[in-house]
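Chains here go by letter, A, B, C, D and E, matching the order in which they are written, and residues are numbered from 1 within each.
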Amino acid sequence: MMSKRNIVGIFFFLVIALLFVIAALTTHEFGHPEKSVIPDMDDHIIDNTQTETGANNAVTSVVFDYRGFDTLGEATVLFTAVAGVILLFRRLKK
Amino acid sequence: MSEMSKIVKTISNIAFPLVLIFGLYVIAHGHLTPGGGFQGGAVVASACAMILVAYGSVWTMKKIKEKHLSLFESVGAIGFIGLAFLGLLFGLVFFKNFLLGEGLIFSEIGQGLSNINTAGVLPLMNFAVGLKVIAGLFAIILVMAYATNKLKGGEN
Amino acid sequence: MIYNIPYFAVAALILIGLYAVVFKRNLIKIVIGITLIESGVNLFLITLGFRENSVAPIHTAGTTEKTLMSLPVPQALTLTSIVIGVAVLALMLSLVIHIYRHYGTLDVRKIKEVDE
Amino acid sequence: MDFLATLVNHSPALIIAVPLLGAFLTPLIGKINGKVRNVFVILVVACTSFLIALLAYNVFTNGALSADAVTNNIQTYVFGAKDIGTPAVRIAFEVDAMNAFMALIAAILPLAAVVYSWAFMKDETGQDKYYTLILLMTAGMLGMMLTGDMFNFFVFLEITSIATAALIAFRIDQKYSVQAAFKYIVISSIGALFVLFAVALFYGQYNALNMAVIGDSIKYTMLDKIALVLLIASLALKTGIAPMHMWLPEAYGRAPSSVTVVIIGTTLGSLYAMFRMIFTVYGKHIWDLGKTMALQLPQLLGILLVALAILTIILGVFMALKQSDLKKMIGFAAVAEIGYMLLAVGSAIATISLNESGVTVMTSAGQMALKGGIFHVLNDALDVGLLFLVAGAVYFAAKETSLNKLGGLARNMKYTTVFFLIGLFAVSGLPPLNGFASKLMIYESTYAINPILSIAAILCSILLLATFVKVFHSVFLGPKIPKFSNVKEVPKSMLIGMAIIAVIIIFIGLFPNLIVENIVKPASEALMNYGLYLGGI
Amino acid sequence: MLEFLDPFLKTLQTDSGFWNPILWGFAFVIIFLIAYIIRGFGKQAYKEKTEQTKAFLSGNPEYEKEQMHIKGSNLYWGFMEIMKFAYDKFNKMHNGNTGDYVLWFVIILGIFFIVLGVL
């Protein structure tokens, strides 16, 4: 049976689906990102990764040098999760 | 979870060093080949998870406690942020790649199919993050397996 | 139009995950829905960075300046996002274990506060 | 270049890095001794607050400490290089007056929380992880408030969410705290994922992740509209704006009080991020009406936000009046307070229009509303934080938070009662404390914009006062109940933690003009001239 | 010599008025003094610790402490009764169902999309 909640939910799900479909249609063509790129960050990275960071792997140069602060946050997220899990499964008695 | 049969234990004993070596290779060549600290650490942690599945969480918990693992993880994290602080000290900017072109270790500029002695602090950061990911993921798996085991045993 | 099929896969993944979170009643299914949303977003990031007939962004002996490489930044962002997803998943599952200890059920309609 | 100038130049990085390093070191130091660990944590948080004070002073005075780091009240810091080249590939922090203002809020709350925790957490197990997660929450909150990079904002949002969820479930033997933590992690991860989707939309269009670069090159295409919708909705979810606020009272109420004080800061960080997205990233299309906009974006956006704000205020106040649990009641009051800020800022957005000479301006009432809203962010953080600390003191002393069982505690807990009275006067907007000044500005300006809003706000404020009078009566007044006849005053560290916030509240209440002129006005102007922020990179 | 006090003593000017806690404090003190003087004109026959300070419940004995203390949920009972129509809706909104919380988010997302994106 369709409760009121489900009807409202389905309707707004259709609206959200419309949102995502429009997003999918108006994004640039798959495989051709050059069209809409204004400041070409990635080509700059690909060209200068060896001279600026000395790494052959551009992804590693991005992860650890250009956006190293994100990686610090990422490592912090993992640290946080471990601390949280150990906190949740701790013993309660001293 | 309880321990499994002798076949599984033997196979995992054989497979464990191979997976370990492969994971360490991925960590060490992070700046040259696909992969890096996170990926290699995940590989090694999966090897440890295989041992956990084969031998059971109680046995593994006897061998290594999760607090030691979290200490290892703290060491890895401190190494990572310490490298960033060293960049602040020597390169005068936080997260500066201060080893590059200094003539010390890892100081060469990677050209073509280059050797491992490149990319400044990136390999060191790879090692730090690798240690951190190994310890962290294994700690998570171990603690959750042990807790669920206790839950099945009925003693909360 | 035919080029945008991966983006439709992204939309489908996100919508299925959201549907699971809203309309499913098992906590484990809700967790699965969140991971579905997350993989949809990761797929969107990684598809944004693809160039047609390009190689991985790694300079080897074979690559020259002319070699077309796929964009490296989305791959780094996806790596970060995947690790974050693992952390969130671990915490959510441990919370589910505790909820099961306390309530003895995984039905989301019974997991609530009753104000006395 | 002397040491202080160097410290100020690097302070945006150190503000994040010092709590992180402290968090990584805490498990090692916890091996030594509990007291050493507590002293270490308090020192780390105090250092962070000191750095924030230096940075804020340098930003507000436009380079009194280190002139070369600041250009027209914006201090930028690039990670990994001297300056951010073109294109902006590296992560940059861009601290203007608004960031500095939020960072000042984030400097007060964790300090009070860790001082308070010394005695509050004395008998609990797992204190190493507790302090680690508190420091991680602080770092993530500060990162959210200072960063100038979209993806970096997402990362810090997730750090804050995970640490907060783990801490909400700190009392794992209480089923309600565990389920509140689960709801919180579900809600916040969904919100963060939609933020990430919006960031990916930006990246796919402009191939940039820096807020200033995106705001500079934004064209308000269909994808930008979708990104705006996703950003506002998910950040409103994280902020706890009705009707998406239900997770907030449960999370606030079931977490330990020392944690709740920091959660307030993280919630306000999400609110700040929403303002930043609206005013700066989409600034061109909020402010350049005459040229680009066919439909008036500010009016639509302002009306939506004001409607949500009124709903938030009414729901929060009515549900708070009904609650029978002390901490959940304060949580609903916090929801209502968030509604006041959103009401002020939404009505300020709605007043943006073209004047007769074809220039986009915000009316003077709108500017007053914006100032009042931003001032109220500070006041709300302090007032609700103090009330939660008092509730934690009541729980610590009587091991009970139900309003139906408590009573007559004022006879044994004099200082706690005084602090509660200060918080009561402040949060319900009674003179002479700080809540009155900001609410006065909000009432006046919204009355000039639309009288009905102001009347509804005033009526709900009266109901808020009634709510806390109920708490005061049923917890502190009344005859001495035998069950609580031997409760004692809480230990010194908890009193100090409450006193830190109470003193600041009284100071702001006595000298509101000082704060408004020197801190709030620059912050609102920093929100209004988006051009400076975009030109910062 | 006291010019460093000037920023502290400035008055917060709003569009249609001003707010100065110092002046407010002075006014409060004066009004309090007046009220205290008026209180002095009160009944002089009041004595401590006599029958007139005892609680008189129409001859019934005094209750114990627990019963004398009005519980928190008993306050504002009439307001709750009048606002019942609203509280029923609110309580239905606040069922602790996580799916409903996310559904509210979806609804708000849809409304924002209709208003901002489509219009």
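Heads up, the rule we're going with is that contacts are C-beta pairs under 8 Å (C-beta built on N, C-alpha and C of every residue); 3 or more make two chains touch, one makes a residue touch a chain.
Just so it is clear, the structure is predicted and the values come from calculations on it, not from any experiment.
Peer 1: Which chains, if any, touch subunit A and subunit D both?
Peer 2: Intersection of subunit A and subunit D contact lists gives B, C, E.
Peer 1: Need the graph distance between subunit C and subunit D over the touch network, please.
Peer 2: Counted as steps through touching chains, the separation is 1.
Peer 1: Which chain's C-alpha centroid is most distant from that of subunit E?
Peer 2: B
Peer 1: Counting C-beta pairs in contact, which chain pair has more, D-E or B-C?
Peer 2: Output for the comparison: D-E.
Peer 1: Using mean C-alpha positions as chain centres, tell me how far subunit A is from subunit E in Å, no decimals.
Peer 2: 45
Peer 1: Per the centroid of Cα atoms for each chain, what is the distance between subunit B and subunit D, given in Å?
Peer 2: Result: the chain centres lie 36 Å from each other.
Peer 1: Take the average of all CA coordinates in subunit A, do the same for subunit B, and state the distance between these two points in whole angstrom.
Peer 2: Taking the average C-alpha coordinate of subunit A and of subunit B, the gap between them is 22 Å.
Peer 1: Take the average of all CA coordinates in subunit B, do the same for subunit E, and state the distance between these two points in whole angstrom.
Peer 2: 56
Peer 1: What residues in subunit C touch two or more of the other chains?
Peer 2: 14, 18, 21-23, 30, 48, 58-60, 73, 77, 79-80, 83-84, 86-88, 90-91, 94-95, 98, 111-113
Peer 1: Of all residues in subunit E, which are in touch with two or more distinct other chains?
Peer 2: Those would be 96, 98, 100, 102-103, 106-107, 109, 113, 117.
Peer 1: Please list all residues of subunit A that touch 2 or more other chains.
Peer 2: Touching at least two other chains: 9, 13, 16, 19, 22-23, 27, 33, 41-42, 45, 50, 56-57, 59, 61, 63, 65, 67-74, 76-81, 83-86, 88-89.
Peer 1: All pairs of touching chains?
Peer 2: A-B, A-C, A-D, A-E, B-C, B-D, C-D, C-E, D-E
Peer 1: Which of the residues in subunit B end up touching subunit D in this complex?
Peer 2: Listed in rising order, the residues of subunit B that touch subunit D are 70-71, 74, 77-78, 81, 84-85, 87-88, 93-97.
Peer 1: Spell out the part of subunit D that touches subunit A in their complex, as residue ranges.
Peer 2: Those residues of subunit D that touch subunit A are 20, 23-24, 27, 79-80, 85-91, 123, 125-126, 129-130, 132-133, 136, 139-140, 143, 151-152, 155-156, 158-159, 162-163, 165-167, 169-170, 172-173, 201, 204-209, 213, 217, 221-223, 226, 229.
Peer 1: Taking the complex as given, what residues does subunit E use to touch subunit D?
Peer 2: Those residues of subunit E that touch subunit D are 7-8, 10-17, 19-22, 24-25, 28, 65-66, 68-73, 75-76, 79-80, 83, 86-87, 90, 93-94, 96, 98, 100-102, 104-105, 107-109, 111-113, 115-117, 119.
Peer 1: Quick check on the complex: what are the subunit D residues that touch subunit E?
Peer 2: Touching subunit E: residues 179, 182-183, 186-187, 190-191, 194, 222, 225-226, 228-230, 232-234, 236-237, 243-244, 246-247, 250, 295, 297, 300-301, 304, 308, 315, 318-319, 321-322, 324, 364-365, 368, 402-404, 406-408, 431-432, 436-437, 440-441, 444-445, 448, 466, 470-471, 473-475, 478-482, 509-514, 516-518 of subunit D.
Peer 1: Under the touch definition given earlier, write down the residues of subunit E that touch subunit C in their complex.
Peer 2: 95-99, 102-103, 106
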